[in-house]
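Each of the next two complexes has subunit A plus one other chain: subunit B in the first, subunit C in the second.
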Partner chain A sequence: MKIDRRNFLSLGAGATAGLAFSPLPWKLMDDSSIWTQNWPWAPVPTDGEASYVDTVCSLCSGGCGITIRKIGDRVVKAEKKDSDNANSGICILGLSSPQLLYSPSRIKTPLKKVEDKWVKISVKQAVAEIAEKLKGLRKDKLSHTLACISGSSAGTVPALFERFLTAYGSPNFITVPSVKDIYKLVFSLTCGASCIPAFDIANSDFVVSFGTGLLDGWGNPAAAFKAHSILKDNKKQLIQIEPRLSNTAAKADKWLPIIPGTEGVLALGMANVIIGKQLYFNKNVLFDSVTEGFEEFKALVEKDYSLEAVSNITGIKQEDITALAEDFMKAQSPVALFGRGEGSTPGSLHEMMAVNFLNALAGNFNKTGGVYLLSEPDYINWTHPVLDDAAYYNINAKRLDGAGEGKYFLAKHLLNRLPEVVNSSKTSPINFLFVTDSNPFYTMADTKLVEEAFKKIPFIVSFSSYMDETASMADIILPNHFFLERYQDIVTTCGLKPAVGLSKPVVNPIFNTIHSGDAIISIAKALGGTIAESFPWDNYETCLQETLEAKKDVMDKELFWIDESGVSNAFADSSGKFEFINDKTRQTKPYIFVDAQGEKKKYPLTLIRFDSMRIASGYTANSPFMTKTVADTVIKENDIFIEINPKTAAEYNLAERSKALLTTPKGKAQVRVHLYEGIMPGIISMPSGLGHTGYDSYLTGKGININELIGQIEDPASGFDAAWGIRAVLARV
Partner chain B sequence: MSETQKVSASDNKRKNTGGTTILFFLIGVAISLAVGWVIFPKLLYLKKSQPIDFSHAVHNEAVGDCDSCHFFREDGTFSGSPTLAQCIDCHEDVQGDTEAEQIFVEEYIAQNKEVPWLIYSKQPDCVFFSHAAHVKKAEMSCESCHGEIGTSETLPIYEENRITGYSRNIWGKNIAGIKKHTWDRMKMDDCGECHEEETGDKGSCFQCHK
Partner chain C sequence: MSKGSKHKVKKFGMVIDLDKCTGCGACMVACMSENNVPFKENESKKLDSITWMRVYKLENGKSFPEADICFLPRPCMHCEGDRGHAPCVSVCPAIATDYDHNTGIVSQIYTRCFGCRYCMAACPYHARYFNWRDPVWPEGMEKFLNPNVSPRMRGVVEKCSFCHHRYQLALDKAYAEGRDKIEEDEYQTACAHACPANAITFGDLNNKKHSVYRLKKNPNTFRLLERLGTNPKVYYHSSREWVRRAGDNYLKHEAAKA
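Showing the complex of A and B:
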């Protein structure tokens, strides 16, 4: 039998026909479809028993009570703690905490920079090397050249760092400023005592917000959302005054667009209407008996803040100003809010004081629906650190940021001054820098200036959990546990009732990290002498337990203690009255409102930043989950969009999604354009929180960090950074 | 050679060629059928033994029902295969004289290490299945899906599909997917079939694929 090509063809045909009658093709088809669902990188939820652990989120200053759902040892979900407590809640950043816990950009072990490369070291080695360097500095009588930048000044961890600096002999403990600092200043200057405000938004019937981002991340965001919901449920009014239709403005009863930077002028214009029409008498407030400097204040507003002048400056119609002032005073429990957006920049002291005069005119202090003046939680009652001669001598050295002296007499910390101080010296006045709970290289305005300063500092130790921008400039990183792995007291004091919450570990530390509290205690012990003596605790947990002993029961039950007792000693000092003008404020008179940097002729537009709940712009950066929720009119792949009014866009021949070159006195960036009716003509806005250079591939290079384009403006009254924007120009590319 | 002879020779040749073609066709069919029905299943499935043997029969007798070990948690979720926490009460010390028992106590209990059981009924992760809805609400018996495993003396060999990684029990022992009992297969069509019988409807995608 001769076998030819035809036979092979028929063998093939037979095999094909046979296959159709076998299970092989059908089974393979089924299996391959299941195989495609089994990519090794596809996240697969863990199987097992669910357990729930309550803790307090510290990813922002909100300190929300949250519940973590675990399967076995794996954290799978974060949710709001089921409780009536005002601090129980969660935002999108808190929801992302499982993703952040297991993030690839976490630093897994202490690192040391050797010839520009990271080398893994042990915790012991890191502590020993830091202690050795610090010993050398002390020997050279340079202990005051140690500085520490801390994300907060409240709570035991910042207190341990401050204590370390004191025992070591340095006055340079500096915190990252925010609107909280201005709140304290406003009230201590006018109410004669150190107190913090709690705006009773939920019980107010008329809230006038001068740009405060109630729904855009202000204060304790979850509690602010709750207060806003109650206000809305009660069908009470919210008037939002800001140049951009933010989320808060969109949900308000009225949005009054205002030329940015003139909010304080508007407040004084309203005050003029109120005083001129004697509306404050409606409140039965006998001003002479309860206030100081009222006549002087009255003369000031009558002279400089006439309706016409205010309308011209602010861009708001005279009749709208009058109506707003009248409605505010007609209300039973009106309240005026201040602090722009989420409040990450302190802002102008005079602007904030001007708005707060409206609260004084309404006589709403310590009244339901008004402003409670409360004392800060005060529960850290440690003995004084032990000081040897070197420490004693050096803690009295001048602070590097100049705070508390001369023209900066009002401020306690002035981080914004640091870059200039460092850059203007031949050699860095800081020899050694600790950076804890903060990422100043990213969050401070004028990135170039900040970078120059950081590069000049000889030795930086970062305690960051992530390879953020500041950590990547450090010489040693002693990574902190993530908040779900550690104990810590979290103090919330921004604009709502102050509370202290307790963060509890939900899982064992995943990596070779160390609690920053333990790290600083270990460094102190390694230094020995009086420094070690100042830290009598075996470890951070003992220190925390001892500190919170008196509140143990409350904390065990609810995780929180809200300091209600603290109606402060406001008005107790000096005159015992609300002081519109007093000797201290006279020193910084007349009222100066901070303008944007840049020549109007060269830069005809004004660039402002906006905050969004979907973009974390503080110490904690965006999670991949959050970035996915950002609209593609804000960021598309790596391109950032600026918002511009269609009228302004037409002047520049720009269409939706056009590419443009944005130039400010501080830098240039290529952007895309989003036409938005919700922004005033002549103004352009850009989100804060993008343009990271640190972290991981999910974040790096996404958009632009607005701080690269905006400079700092020193508030003439307080010294804090008061910049709210910058002049800019756009060119089509 | 005459004309007639010539024609018949070429006819024969054609006949022969036709016969060979059919023969090869049939050989092709036979090879494919053999590959598809016999060789393919052997190649597709990897035979694996469980880390230790286990007798459901013995345990059933000792503890009573299936749900003594495969129980519902307080929140309504199903515990699945028992963990050491359920075994440790009885098995802190070696019981009986089987080799499996000794390995279990020494290598797992004593070292507090969970037994990496191979799960015959593990479904792909894209499927959401609630035991509570089926067992508690619809009052189905365990056997309806898991068969007579509860009375088995020893654990069957685990056959792992080399492509999907799942057990052969999902597709069923019969490579053609033919079943005699409800528990012979656990594919989506089987769920649909039962749902149609019981509820009149196969159900919608999102009921199971969340």
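Showing the complex of A and C:
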């Protein structure tokens, strides 16, 4: 048959019609749609029996009661524990715990560094090698050159480490400082006894926060959020004083932008108004009779903190200062909060004391809506460790950080001084370092200085669960179980009523890890002698059981034991009064507020850090989910943004998203610019918690660690790091 | 739906208190964790970042120091439209998304969706997301996947379901215990349950005993882009006028909804 045009077309039409009436196209379409959606590589979550296990979260110092949802032996979800207990709650970090448990950056087995490469070793081998080294050190009478950096000082695990150091013969147990240390100092200096504050925010009717990140991670975030919501329900006031419109400032009834570093001056200015107008508590009685040093304090604020001077220094209008002071004193139960941001840096002692004077003038101690002064939970009643002669001799050696002596007489631990001490000696005064529950190489300011110090230390043992920055500098890693895999007592003391919670294992350890408590007991046993004798427990669990025996019933039922012993022995010293000024505080040369480092001429801008709930900046780092919530005006690809006022940006010819070189006296970094009307002109801000070099590809290399750009400033009064920022300059690139 | 059964018909919805919302992002992570939402190494490209619940940051547009910001969590609004004609439901050619008249929940059936993304274009709230690529969980992380929600595949659209599976679990539990009703607190979405500030209240908008019934009547309560007629079931509350105005497109001198 000849194929002409007509034939061709009719054949084509016939074939099309035939195909259309046959089941073939429909069958193919059906098959392809099934095939394209039937992928063996898409995971199908295995099903199993659902169960719920209660535990206490220890990812930050908040210690919330949480419930873990399990399917079979898998952890699927973390939720808040449904309970009226004030400590029950969850935040973005706690919600991330399933991701953190199964994270690829978990350290799966003990590791040893051989020629800069990690080699897997057994727990037994790791313990033996550590013990061997420590034996040698002791033989050389250098036991005091063992140091330990611990994330916390409270609870049985830090206590075991401290006990180990004592029995071994070293005074150098150092904890990572935070605003809690300053809280303790402020109250022990003015109230005559060791006590910690619990701010009763929920019941207050006027909260003045001097930069405290009530909604940015301060204290126990979940509890702080709850307290804030109660404030809102009761239509009570929150005033936020800080240079940046933070999330807390945005939720506040009033935001008062202040020149950073002058918060203490404002507080004393307010005190001047209150005293001048005789607005203080008990004004009918001579204030002198219920407090100590009032007249001296009065003279001081009248002389140096006149409204005009304070207004000039702080940048806040005189009438605003007067109104704030008056409103504060008019309120039924006002409270003044102090400690910047989430409270990861202690800050200036004098600034904190100045703010707390407002609480004293309002007479709100141990009153509803005020500040409760409570004693710290004291439940670890072990017998003293056994010391042999060597230990006894070396335990009295000078502390490397100088804490407790001379001009540092107020502080117990001064981690911030360590890098300088190590770097200034020819050979490292630390021969052996334990790092537990902390990531100091990342979290300490002035990264270069810290790196130099860590490189100089001959032997580092890390107990981290993650390949964080400090762990990667270690020589041996004995990875701890994740908190969902272990027992541990969690002490919460940050701005809340102190509570002790019990973290319980929810799943069996998924990797070859070891509880840090067990690790230190094993090391002690391997060392033998009096050191082994000091650790009579078979393992950590028996130690914990023995320690908490008296509270067992409460903890089994409620997870928590809240110390209701109530008011501590505050005001128990000789005067029995609140002491505005006393012999001890006179020694600290009153009221030097810490300024930012750097010449103003060379560095006309000021860089401050800001804390965000969405970026974990402490020992625990961000989960992939958390990083996903971070805005693209904070991180874009790997670039970090700084916030700058459009006016200041215009001066530097910078537009939104333009690249700039940020230089501080401590370092340089390339950044992008985000214009933000919520920041004071002349100030730039950068989030903390980014720029990790450790961890996994979901976090590594994103942004810059602000600690690389900020230096430390030793608080002249306490010795703690009081840096809140640094001078800086920007240049367009 | 028969007329006689009207009292049984539920209309689940939310009231979000923007005065309390701190912008912490806990709702976003609770949602991702509950619903097996995938994640990538780089999530800063927000256009293809899947967030069933997304917290937006609103600015009042004023200069320092009058500047103000407010956070606004945005789940799927589960629009009722006019008798169930939600914008997305009306346009779906595959009946992959549907309005449930018994609960008021707008569903998304992944295996029916063939990825035309017409619904995404129709949704005025950008609440729908497309899977441009296969989800990847790094080795070991697939262990935390929730068996109650199927992981999605490349080529389909996904969105907030008001944690419908949690409703089913609550119903199953009630059935096993011989009850035919569930209490308000038995069915809560993951975000509402997680919110540390208690800013999100979830419940049956038809039920006078539920908190949402009372809260939605507050004069400072509004819905997003209400004038489009989408009839959303997510209400917002703010005492700040500029925030309420930000909820819709008003002319310069036009008064916001009373």
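Criterion: the second predicted complex is superposed on the first by the 680 of 733 C-alpha atoms of A that agree within 3 Å, B and C clash if a C-alpha of one lies under 4 Å from a C-alpha of the other, contacts with A are read in each partner's own complex, and residues count from 1 in each chain.
As a working rule, a contact is a pair of C-beta atoms (placed from the backbone, for glycine too) under 8 Å apart; a residue touches a chain by one contact, two chains touch by 3 or more.
Computed from a predicted model, the values in this text were never measured in an experiment.
Asker: Quick one: is A:Asn645 in contact with subunit B, with subunit C, with both, or with neither? Answer first, second, both or neither.
Answerer: second
Asker: Taking the superposition as given, does A:Asn381 touch the first partner, subunit B, the second, subunit C, both, or neither?
Answerer: Touch status of A:Asn381: no partner.
Asker: A:Asn508 contacts which: subunit B (first), subunit C (second), both, neither?
Answerer: Neither partner.
Asker: Tell me the contact category for A:Asp47 with respect to subunit B and subunit C: first, second, both or neither.
Answerer: Touch status of A:Asp47: both partners.
Asker: Going by the touch definition up top, name the partner, subunit B or subunit C, that contacts more of subunit A.
Answerer: More residues of subunit A are touched by C.
Asker: Go through the superposed model and pick first if A:Ser697 touches only subunit B, second if only subunit C, both, or neither.
Answerer: A:Ser697: touches subunit C, not subunit B.
Asker: Looking at the overlay, does A:Cys91 come into contact with subunit B only (first), subunit C only (second), both, or neither?
Answerer: Second partner only.
Asker: Look at A:Gly12 in the shared chain and tell me whether it touches subunit B only, subunit C only, both, or neither; answer first, second, both or neither.
Answerer: first
Asker: Would you please give the residues of subunit A that touch subunit B in one complex and also touch subunit C in the other complex?
Answerer: Comparing the two interfaces on subunit A, one with subunit B and one with subunit C, the shared residues are 37, 44-45, 47.
Asker: Which stretch or stretches of subunit B touch subunit A in the complex?
Answerer: So the residues of subunit B in touch with subunit A come to 16-17, 20-22, 24-33, 35-37, 40-41, 44, 73, 75, 77, 79-80, 124-126, 161, 163-166, 171, 175-177.
Asker: For subunit C, which residues are in contact with subunit A within the complex?
Answerer: 17, 19-20, 22-26, 28-30, 32-34, 36, 39, 41-46, 49, 51, 55, 57, 59, 62-65, 67-71, 111, 114, 134-135, 137-147, 150-151, 153, 155-156, 185, 190, 193-194, 196-199
Asker: Where on subunit A is subunit B touching in the complex?
Answerer: 1, 3, 6-8, 10-19, 21-24, 27-28, 30-32, 34-35, 37-38, 44-45, 47, 49-50
Asker: Under the stated contact criterion, what part of subunit A meets subunit C in this complex?
Answerer: 33, 36-37, 39, 41-48, 71, 74-80, 82, 89-92, 95-96, 98-99, 101-104, 215, 221-222, 225-226, 228-229, 232, 245, 247-248, 250-251, 255, 257, 613-614, 623-632, 635-637, 645-647, 676-681, 696-698
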